[in-house]
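Labels run A, B, C, D, E and F following the written order; every chain starts at residue 1.
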Amino acid sequence: MRIAVINPNTTPSMTARIAGAAQAVAGSDTEILGRQSLCGPDAIEGPFDGALAVPGLLKAIVAAEAEGADAHVIACFDDTGLDAARAVATRPVVGIGEASFHAVTLLAHSFCVVTTLSRSAPVIEDNILRYGFDRRCRKVFASDIPVLALEDPKSGAFETISAFIEKGIAAGAEGVALGCAGMAGFARDLQARHGIPVVDGVSAAVGLAETLVRCGLLTAKTGVWSPPTRTQLLAAE
Amino acid sequence: MRIAVINPNTTPSMTARIAGAAQAVAGSDTEILGRQSLCGPDAIEGPFDGALAVPGLLKAIVAAEAEGADAHVIACFDDTGLDAARAVATRPVVGIGEASFHAVTLLAHSFCVVTTLSRSAPVIEDNILRYGFDRRCRKVFASDIPVLALEDPKSGAFETISAFIEKGIAAGAEGVALGCAGMAGFARDLQARHGIPVVDGVSAAVGLAETLVRCGLLTAKTGVWSPPTRTQLLAAE
Amino acid sequence: MRIAVINPNTTPSMTARIAGAAQAVAGSDTEILGRQSLCGPDAIEGPFDGALAVPGLLKAIVAAEAEGADAHVIACFDDTGLDAARAVATRPVVGIGEASFHAVTLLAHSFCVVTTLSRSAPVIEDNILRYGFDRRCRKVFASDIPVLALEDPKSGAFETISAFIEKGIAAGAEGVALGCAGMAGFARDLQARHGIPVVDGVSAAVGLAETLVRCGLLTAKTGVWSPPTRTQLLAAE
Amino acid sequence: MRIAVINPNTTPSMTARIAGAAQAVAGSDTEILGRQSLCGPDAIEGPFDGALAVPGLLKAIVAAEAEGADAHVIACFDDTGLDAARAVATRPVVGIGEASFHAVTLLAHSFCVVTTLSRSAPVIEDNILRYGFDRRCRKVFASDIPVLALEDPKSGAFETISAFIEKGIAAGAEGVALGCAGMAGFARDLQARHGIPVVDGVSAAVGLAETLVRCGLLTAKTGVWSPPTRTQLLAAE
Amino acid sequence: MRIAVINPNTTPSMTARIAGAAQAVAGSDTEILGRQSLCGPDAIEGPFDGALAVPGLLKAIVAAEAEGADAHVIACFDDTGLDAARAVATRPVVGIGEASFHAVTLLAHSFCVVTTLSRSAPVIEDNILRYGFDRRCRKVFASDIPVLALEDPKSGAFETISAFIEKGIAAGAEGVALGCAGMAGFARDLQARHGIPVVDGVSAAVGLAETLVRCGLLTAKTGVWSPPTRTQLLAAE
Amino acid sequence: MRIAVINPNTTPSMTARIAGAAQAVAGSDTEILGRQSLCGPDAIEGPFDGALAVPGLLKAIVAAEAEGADAHVIACFDDTGLDAARAVATRPVVGIGEASFHAVTLLAHSFCVVTTLSRSAPVIEDNILRYGFDRRCRKVFASDIPVLALEDPKSGAFETISAFIEKGIAAGAEGVALGCAGMAGFARDLQARHGIPVVDGVSAAVGLAETLVRCGLLTAKTGVWSPPTRTQLLAAE
């Protein structure tokens, strides 16, 4: 099967990194299509960036379906544009934020999130509430690491995240969701260090997308995600 | 003071109607700036339309601030783009969905919403949950009236909405929030007919915006709505 | 229009202070009727005082309607007697506690309350739960400042409240509701110092009451606030 | 031990009936003090009556302590004045509304309430939310039987209540809380007819009060129920 | 009446201690049947022990009914096997965990729990959520005292528990539920020291069981606790 | 990898059917170990059966680990023994109830469950609450089909389930979770008929288990699921 993993920002190095993380966990018969938005912000830090990333993301979803994608992963932890994407896509769509919450609650009675900027934390908290995981989440920590600094080995990002995981454990968390696609590479080492499950959303989302495809399941089209009537807007813009 | 009432769709007749409803309830020293998006969908029916309306809405917000707006009202019941608007605006922003929930809960122990299409109802339910009014809301009814038909007197929209209000009363609702900016003209007649408070969100939002301005209050800029760093995207697009 | 702002305790200096705060934010065509209970406690510190303040408050509401009040504000942060007041009044009633929660959540993703005594905090927490703002409120702080000491400039109340706001910010609050009518005079200076929205409930309630009147909205009389049949008790007592 | 069972309305026949129901279930070493308010409404139908009943109720609590009461039961299903009573009393206080919810949830996974008037139902719903039983309660039914008609065998009250219990069972309720002290006499017959637990709050509250006394437990006096400083108001009024 | 107080572990000294605590608070006409499981773990520390204790517990329930028990108390704070016990028993069943939550919320606006091991705390938190007391519970503290060490006066358990109560008070708790049947002997001394209600679940459960019996109430048998069809399994095992 | 799919009842035909459903959706490199309890009930209908199934289930888990299982699926929709299984297993454990809720909420904004007996519905409702999906679930329908009748083509089970799905759609459900492992064979045909996603928990659980294994994630062993100290009980019993 083909899973489109779409980076909703326009930074190619991050797209490549995300696609690599996805392929590493995909099944042997799964082809990962690493794609990114053609227009929009180069990083998504807060709701303004998130909103402006959506039109480009939706175009990428439509393009991926033309390439034969069987499912889509939105590789932004804020699950930016998830509702609009589910409406326009004919195939299942999984956000990496929701995927990481689903996965970590299968492994840990309570969890914490370590994300990047403090302006993103309330967006994530709102999502956690909407998805129903608020009673399981002890805390969303903002590490104040800029998204793009995650690619710089000298940024000290790994140690900073590790320190927040310690705080989460002290607050009762038994598991961690890494709150940014750019943190994908850190999950296994952090898990080894702290001895608790540390979930990378990209990996989890690929598995969930494969699951939905193998089970022959499709997004409900009878309600909020029914096909939009104004899809010409995607071309026009 | 100046309140910008921004229609996030691109239908001028609806913009005029909304501005009229706003001026009718504004204080004597309040000037209503009726504005609309310059690009985007001509109606917002569901999350796809909502997402594509946001870039045009944000530009209109920035333009309204250049005109000296003291506060903004987003005249779409889905509160489309509210978080992004609060981030980019320097002045308070009120959505008509949230405004109607705030107003109706001051007047009714429980309420119902009558909105347009069924694909919009879950968006509204998600908002009601995020704002905290879920325990007060008995039901979000989808009337299946297209947004643009609300302007057509022959559409039977008034009677259709009235019938849903009866269903709401039977379900225990003591008040009603009309779930679309285009229903603004129906509120008083529906209230007179049914004998319970019927809130138009445009009117309520104008009053809330005036309240915030008179109290000298501004949006918190220390968290999720801190100023974005990629505002150049609004011009570039 | 006429808004009755009713101090449910019997301390005239506080009544005057509250009426002044109300007039300062009211629209140019709004007349504030500053009224107080004729009998009952001289301050409301906890549920016992609150309960004994209600009969006098209800009489004051009835008297204000005889004076032509278009709406009422109950100027006690505990929203003492709000349900009974809505039942006996024919015009809208707004409590300053609820008003401040409504206002602050339009401006801040999460907020804290700084109130006076610790015995009042759970009353406020119960109200926050009933109104639906519990998921937005980080903490209700009890400052242990007696209500009547708020009028004494030498009491250090301003600095004490300011210190609790700092604690609230550390706990993630982006906004503050000042939890006592007697703190009305501190709001703007505290907002200037801390750089986050600080809401005075009296000001917010006046704006909300004006909004309801201008929108032509009335309290639901079909349910919990239907007219009482034993109003003779107000005279008899 | 001595349990004061206080009818917060001023109807002696109801006081006698309540005291009888209490004595019928009390332990052999328990003396029931059947008391009532000396002033206030003759029935409590909604929040206005409830508020005006509180001063008389509080005086009765103080008087009962002078008589050596070891605990108090407030025999109004709205739990009128419960917080104020707990503050002024030195001994435990149990409301019959809360008592019936505690008892029925030990016996039924979900329950319904059958109360008297529709204006009382939201008061009860608010209490159920505050106590935490909202997820267990399927529905609060208003039977539209006036409180005082419950004493009239010709009123058809028993059959009316029975019909609402059938509705509750259809809605999934496995148990019933009878929502008025005046319904105490119906509980056993209704339970026999419907084959599900039917709880009378007076009986349940007596058992809970005895439990607290036997366990040597007292109301927390460090928080919301700390002793009031204005108790002179009870005498003065 | 006869109340069976069943220790679901197989440690006789703890059974005796629990029965003593139960008899101390029981009414003069109540006979306590102190019973224990005939097979299963010697202490219940976490969900694995809890699950393996249930078959022996269910046999003890059936045996106690043959002895004429009018109600049952399950003397494990995790309320192990409560649903299965309610299904197989014909008489009411009360868990000491739920009993202590019911009692403490009648006495304290908010409370904390002090239990034994950290692996038990989430079990208790899950129960608190299911019963509806999550909004009243500030914290479940794990004292890391092994269950069996509670019987050893040299273990320092009393002082350890007392220190956690201090933490609970600092976190806003007005009352305490002692989270293990083995702590029954400490309740009164801890209450005297800390000046807030400290509830022992065994005592509370006996009172609740007596209440249900005196009120003539039985467990609902129409839903989740309807009689099982495979009771032969109890004998076969 | 090897996934043990464990039927916690002792009916071999159901074990075979479940294993077949699991293998049909598993990845090409996944081996399904279809196992069942060696002792316990032949069907799990309600909490009594569920409790008695757990010891045999735990033994099967331990045995499967000895066979090299990389993860476990508990094939009972009640998620019987899930906490105890997670404690005793060293590898991830997924229940089919939780798996179906995770999957359906990725595809449908709201869903319903169609289960077998009414005594099982509250068990499922409790789980849905604990997992956090209560705000997304419109209704748990009990079809009153006995578990073992699901294997009988003449039982009319398919049509009965289909009728409940229609009721769910009328109540607003956009998706369905089939509430029994024995319904696995019906999912695709029901999805085709009703045009909304219909999730079989066995299939979903296999995908989730594969996801966890591929991501290198393990169950948290620092909290509620830390290794039990009384595992000798499994052998002894």
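Throughout what follows, contacts are C-beta pairs under 8 Å (C-beta built on N, C-alpha and C of every residue); 3 or more make two chains touch, one makes a residue touch a chain.
Predicted model only: the values in this text are computed from it and were never measured.
Trainee: Which other chains touch chain B while also touching chain C?
Mentor: Common contact partners of chain B and chain C, which must touch each of the two, are A, D.
Trainee: Using the touch definition up top, find the fewest steps from chain C to chain E.
Mentor: 1
Trainee: What is the chain whose Cα centroid lies farthest from the Cα centroid of chain F?
Mentor: C
Trainee: What rotation angle superposes the Cα atoms of chain D onto chain E, in degrees to the nearest 5?
Mentor: About 180 degrees, rounded to the nearest 5.
Trainee: Same or different for chain C and chain D, when you check if over half of the residue numbers at their contact belong to both copies?
Mentor: same
Trainee: Any idea how many Å lie between the Cα centroids of chain C and chain F?
Mentor: Centres of chain C and chain F (C-alpha means) sit 52 Å apart.
Trainee: Taking each chain's centre as its mean C-alpha position, how far apart are chain B and chain D in Å?
Mentor: Taking the average C-alpha coordinate of chain B and of chain D, the gap between them is 43 Å.
Trainee: In whole angstrom, how far does the Cα centroid of chain A sit from the Cα centroid of chain F?
Mentor: Roughly 27 Å, centre to centre.
Trainee: Of all residues in chain F, which are in touch with two or more distinct other chains?
Mentor: Only 109-110, 122, 129, 134-135, 223-225 qualify.
Trainee: Who touches whom among the chains?
Mentor: A-B, A-C, A-E, A-F, B-C, B-D, B-F, C-D, C-E, D-E, D-F, E-F
Trainee: In their complex, what parts of chain C are in touch with chain E?
Mentor: 122, 129, 134
Trainee: Applying the document's contact rule, which stretches of chain C touch chain B when the two form their complex?
Mentor: Going by the criterion above, the answer is residues 25-29, 92, 94, 98, 102-103, 105-110, 131-136, 169, 172, 174-175, 187-188, 191, 195-197, 199-200, 203-204, 206-208, 210-212, 214-225.
Trainee: Which of the residues in chain A end up touching chain B in this complex?
Mentor: 39-42, 45-52, 54-55, 58, 81, 83-84, 86-88, 118-123, 126, 129-130, 223-226, 228-231, 233-234, 237
Trainee: Residue numbers of chain C touching chain A in their complex, please.
Mentor: 109-110, 135
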